[in-house]
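Look for chain A in each of the two complexes below; its partner is chain B in the first and chain C in the second.
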Partner chain A sequence: MLNEYLILLKSEWIIIAIIFLLLFIKVGPKDWKNETLLYGINILLLFNLLAGFYNNVEGNLFNGMYHSTQLILLEKNILNLGVYLVSLIAYPWLKEHKHLLEFYILLLSTLLGMFFMISSGNLLIFYLGLELSTIPLAALANFDLHKRQSSEAAMKLIISSAFSSAILLFGVSILYGTTGSLSFYEISQHIYGNQLQVIAFILILAGFCFKISVVPFHLWTADVYEGAPAPVTAYLSVISKTAVLFIFMSVMYTVFKTIATQWYLMIFVLSIVTILIGNLFALRQNNLKRFLAFSSIAQVGFILLGLSGTSIMGIASVIYFLLIYLFSNLAAFGVITLVSAVANKETISDYKGFYKTNPFLSWVLAIALFSLAGVPPTAGFFGKFFLIMAGAERGNYIWVVFAAINMIISFYYYLKVVKAIFMDPNDQPIETISIPALPKLAMIICLAGMILTGFFSWIYEYIYSLSIL
Partner chain B sequence: MNLTLLLLFPLFTAFAILFAKGLKQVRVIALIGSIFQLLLAGKLLMAYYQIKAQGNQSQMVFEYIQNWYAPLHLQYHIGVDGISIAMILLTAFVVVAGILVSWKTEQLSKEFFFLLILLSLGAYGFFISLDLFTLFFFLEVAVIPKFLLIGIWGSGKKDNSAMKLALMLMGGSALILVGILGIYFNTHTEAGIHTFDLLLIAKMNIALPIQKIFFPFAFIGFGVFTAIFPFHTWVPDGHASAPTAASMFLAGISMKLGGYGCLRVATFLMPDAAHAYSWIIILLATIAIIYGAFATMMQTDLKYINAYSSISHCGFVLLGIGMLTKTSIMGAVMQMVSHGLMTALFFAAIGMIYSRTHTRMVAQLGGLLKAMPFISSVFVIAGLCSLGLPGFSGFAAEMTVFMGSWQNPDKWFRLATILACASIVVTAVYILRAAGQTIMGPMVNKEHELLTDASWNEKFAAILLIVGIVVVGIAPFWLIDLIQPGTEIIMSKLGAVALVK
Partner chain C sequence: MNEVPLTHILFLSTALFFIGAYGLFTRRNMITMLMAIELMLNSVNINFVAFNKYLYADKLDGIFFSIFIITIAAAEAAVAIAIIINLYRSHHSIDVEDATELKY
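Now for the complex of A and B:
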């Protein structure tokens, strides 16, 4: 029995162990150098990532409140990979930071929350995980302690996430009222699609939409992304969004399976609005972080398209896309973090002539943008193609045509950045930046991910084989 | 013969370029790589003849199938027929010529040659693909290199042109994406699964209403690449702003991707719709031909002249496809090859002139024959080929298109044919005028007398392309023999439909 607790909760235990270790170091008498700590923590995170591939067993705990399947374990591995990469790219920013240990403690707490959230089989533990994964994030957003914008971002994040949690909880309570249970399985057995249940569903959907910033619930996104420190923005826009999307998908596919016809229409409308608004706003941005915020809003619209497929292809395509999205976005944020830490420049016009001084970083950023735009030979092409394919399976070609048109718009604003980097002249380009080893490692991993993932079809096949309806 | 080599060669060349040091190494590697491509294409041709001589009747030869994304039934399925071999040969010729012409590129030479080779990789992959997914993949691979090539090494309004070209081509790709997804989800193999496999889809009959929905997507999508009216606007700006080699690649190879796709994907897979919509295709093609020709008359920049005339010439490709007779489709393929070689030569000549005189305006040039006889002759040859002088490829190809078009008995189609024929006169006017003003006559700018003639690399490039043009022009039957079996299979598919009616 004890063994079961140990093995099934393996990923969580490791994270908890690391958190406690860091706490002990923090309260301990010795003052460690930031550099040493950073290397040590990154090794621990690497160990955490690798450990995710061993001893993976499926099972239930606490009467089905917590469950673990191979797919969930894979999702946790993806999150682990993301956290490892974020930690690597945060290096230039954290090197001088006084509160390095707190950063990691908070970061790993949110990760722990995400793990509980995606493993949940019950609304209670789901809500617990969700809150654990959002509240420390607000503290993280405030981590540039001397910047007003950073505090503003934290404030906005905490208020909007509290608000969305309240809406979600309202939905949950109605759902409990109509079905008499909090367990996902029990609820799914008692969903008939009557009005009250649909209202509950809409409230829960709205709560989710806040977290993954679907239009019209996206208003907090851009300000928070802009104000938060670049690595935190990366974490927010990639890891936290990915985790919520994982659980969102499984809730939609299992709990609300019986009212799929009703939510298909809602998702359809939300997706179209999200893609359009995300794209149109991304067109006008000059701050790179804001730009990526809006582009990531548009990406979520595409993910909703894939999600509407309600087939194994849908699940597999969404997870596959998220994996690629993680590589692409973190590569972009890796460059942005480094540049903003060294040169303190964040706008697109600052990047003019970047290629002359920093060819490697330019290529990383350009390939990341191509991958986000979905242009071959980068993996983003495959990701987006399969998403659209999963959506097209339902035969809703209006949606497909719309997505295709919007791919052109998104292509335009991604190319605008590429143009600034490679083509626009600039008298005072960003000076040549020497890339520290850790961010360089992250960039190389991301590059490999962006270029090779598409060609190694077994990655997709593996995800497909784990996906179950 | 392993067709994957056609992909591996450019890939290795590209990697070698990445690790090369200095301009010398880079360009030598690029040249060697491209020559190997040419040899490989030649070997492919030989192997094709050999296997056909042995009595192999199958539609595609050297087929190779490898499961790629098994759950989605995507395959890496490659194979060639005569038409694709003709295209591959064309690509190989233009690549060698393009690399030779850009021999002296010094600004960011490594990136330049890398992108050129990547572009050729996309083209080869496109021509050998027998699976719609890989075909689409390779089609899009070529978009980014074009954007960067124009944007970084281009001239004039290069930013706008690069963006315009990339967005319009991306728009074409988006349409194609919808088209091929529509095809995919309406295929049902015996095993009850969907497929992207071109040959399997060709064996099924997609219902007419579905064809009617998705044919326009696929055809116009590919049409954008081959400058179908009114989606031709990227052509003049893109070509004019691009560096010489990129112009050659764009007009010589890239526009052919569109023509090939219109034929192989849209028309071949959805023949009913092709019949139903042929009048629209003809209408657009005729407009492109006439409009292109007249627009060329108004141009004063040599590159714009060639770019607009490309619109007109690619109109013949679409006209040939739209007429849906065997001869006209053969003519369309010939026109693709001919136009590819001819326009590459033209752009090469213009590039040589521009690199010396630093102007492309017809009014500022004149009497170049005295200073640079070789380049001027090349220019005249390209021009004569463009206006369809017998003996050059342009004549053979356009003549075949006209013959084929006339075979279509519909009187409106015949009117279109007549109009298209008439455009040749306009072509003659602008070509002769451009050649007369730039090459002949008194020297406008005295400084031009000091200019040097072509260097060895430029001579090689020009001769290579001229050989191609003359061979196709004098012995078009070789090309016809090559593409005939492939055309017949496409025709049998189209013909079967006509009989059903």
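Now for the complex of A and C:
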């Protein structure tokens, strides 16, 4: 019995242990050097990542409140990988930072919340996990304590996330009123698609759309991404979004399965609008973080397109794309973090002539942008290909073609950055930056991921074999 | 004894929810905006407790949920107020109109 708790909750226990260890180091008498701490923590996170592949069991706990399947374990591994990479690329920013340990404690608390959220089988645990993964994030966004922009971003994040959870909760309360249960399975047995349930569904969908920044609810995204410190932006745009998308997918595909014929059109329309608006706003940005914020909105649109397929292929293609998105976005943010920590420059015009002084970083950024745009040799192409294939399963070919045309619009702004890096002349380019070992490792992992994930078809097949409708 | 029907309570909670939403959109003071969000969360609490008492009195799911919502709302308010204090230090104001550096 005790064994069951230990093994099924394995990934959570490891995170809790790391959090407590860091807490004890924090309150302890000895002053550690930042460098030592960073290397130590990264080794711990690497251990955490590797432990995710070992001794994986399926099962239920707490009367179905917590459940664990091979797919969920895979999702947790993806999140672990993402957190390890974020921790590596945060090195240049954290090296001088006074509150290094608090950063990791908050970061790992949000990760813990995401784990509980992903494996929840009950709306209560889901809500607790969601809040645990968003409240510390607002504190993280405020981590450049003396920057005006940082606190503004944190304020916007906490108010919009509190508002969105209030909307979501209102939907949950109506759902509870109509079905009489909080467990996902029992609710799905009592969903008939009457009017009250549809209202509850719309409120829950709106709450989710806030968290993953789908278009009518995307307004906080760009501001928060621009104001927050670069590694936190990376974390927000990749890890937290990925986690919410995982649970969004399982809520849609399990709880609201019976009314799928009604919601797939909503998701479809939202996805088309999201892709279009995200692309149009990304065209006119000059700050790189803001630019990547709008590009991530457009990417979420593509993910929703895959989700609207309501098939096994939908699940598999979304998870596959999120894996690729993680590599490509973190590679781009790795470069941006390094440059903003060393040279304090974040706009696209600052990057003119970047290739002359920093060829390696330029190539990493360029390949990341190609992968985000979906240019064939990189994995981003295969990810988008599968998403569009999954979206086409319902037969809305005209709108799927429209989404594909939007990929071409997106080439314009991604290639604008590549052009600035490689072709535009500049008298004062950013000076040559020496890359520390840890961010370099992260960039190499991301590069390998972006190129190889597309070529190894067994990755997609493996995800497909784990997905269950 | 005449009992209050469920519809009245639901009307109250829905009205409270939208008053909260209205307050969030119109008020410009951050603390007041937080209070508006609390109002919305409390309307959810009323919903849960009412549904639990009137429809599913044999189980206590709804009441437990509302206890958790109260707890988490407190945590959320704590973090939000810490952020607002930090913002006040740099902006010398808690009016949202003064925190407008990030736009478009």
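Things to note:
Quick note on the criterion: the second predicted complex is superposed on the first by the 469 of 469 C-alpha atoms of A that agree within 3 Å, B and C clash if a C-alpha of one lies under 4 Å from a C-alpha of the other, contacts with A are read in each partner's own complex, and residues count from 1 in each chain.
As a working rule, contacts are C-beta pairs under 8 Å (C-beta built on N, C-alpha and C of every residue); 3 or more make two chains touch, one makes a residue touch a chain.
Being a predicted model, the structure only gives us computed values, none of them experimental.
In the superposition on chain A, A:F360 makes contact with neither chain B nor chain C.
When the shared chain is aligned, no partner comes close enough to touch A:Y462: not chain B, not chain C.
In the superposition on chain A, A:W13 makes contact with neither chain B nor chain C. With both structures placed on the common chain, the touch criterion links A:Y39 to neither chain B nor chain C. In the superposed model, A:Y264 lies in contact with neither chain B nor chain C. Of the two partner chains placed by superposition, only chain B is touched by A:V375; chain C is not.
Within the superposed three-chain model, A:A139 lies in touch with chain C and out of touch with chain B [touch as defined at top]. By the document's definition of touching, of the two partners only chain B reaches A:Y412; chain C does not. Using the contact criterion defined above for the overlaid structures, shared-chain residue A:M389 touches chain B, although it does not reach chain C.
According to the touch criterion, chain A has no shared surface contacted by chain B in one complex and chain C in the other.
Interface residues of chain C facing chain A in the complex, by the touch rule stated above, are 17, 20-21, 24, 30, 33-34, 37, 40-41, 43-44, 47-48, 51, 55-56, 59, 61-62, 64-65, 68-69, 72, 75-76, 79-80, 82-84, 86-87, 90-91, 96, 99-103.
Remark: chain A residues 312-313, 316, 370, 375-377, 381, 385-386, 388-389, 392-393, 395, 397, 400-401, 404-405, 407-408, 411-412, 415-416, 418-419, 422-424, 457, 460-461, 464-465 touch chain B in the complex.
Of all residues in chain B, only 67-72, 74, 133, 137-138, 140-141, 143-144, 147-148, 151-152, 158-159, 162-163, 166-167, 170-171, 174-175, 177-178, 181-182, 184-185, 213 touch chain A in the complex they form. Contacts from chain A toward chain C in the complex involve residues 123-124, 127-128, 131, 135-136, 138-139, 142, 145-149, 151-156, 158-159, 162-163, 166-167, 169-170, 172-174, 176-177, 180-182, 222-223, 226-227.
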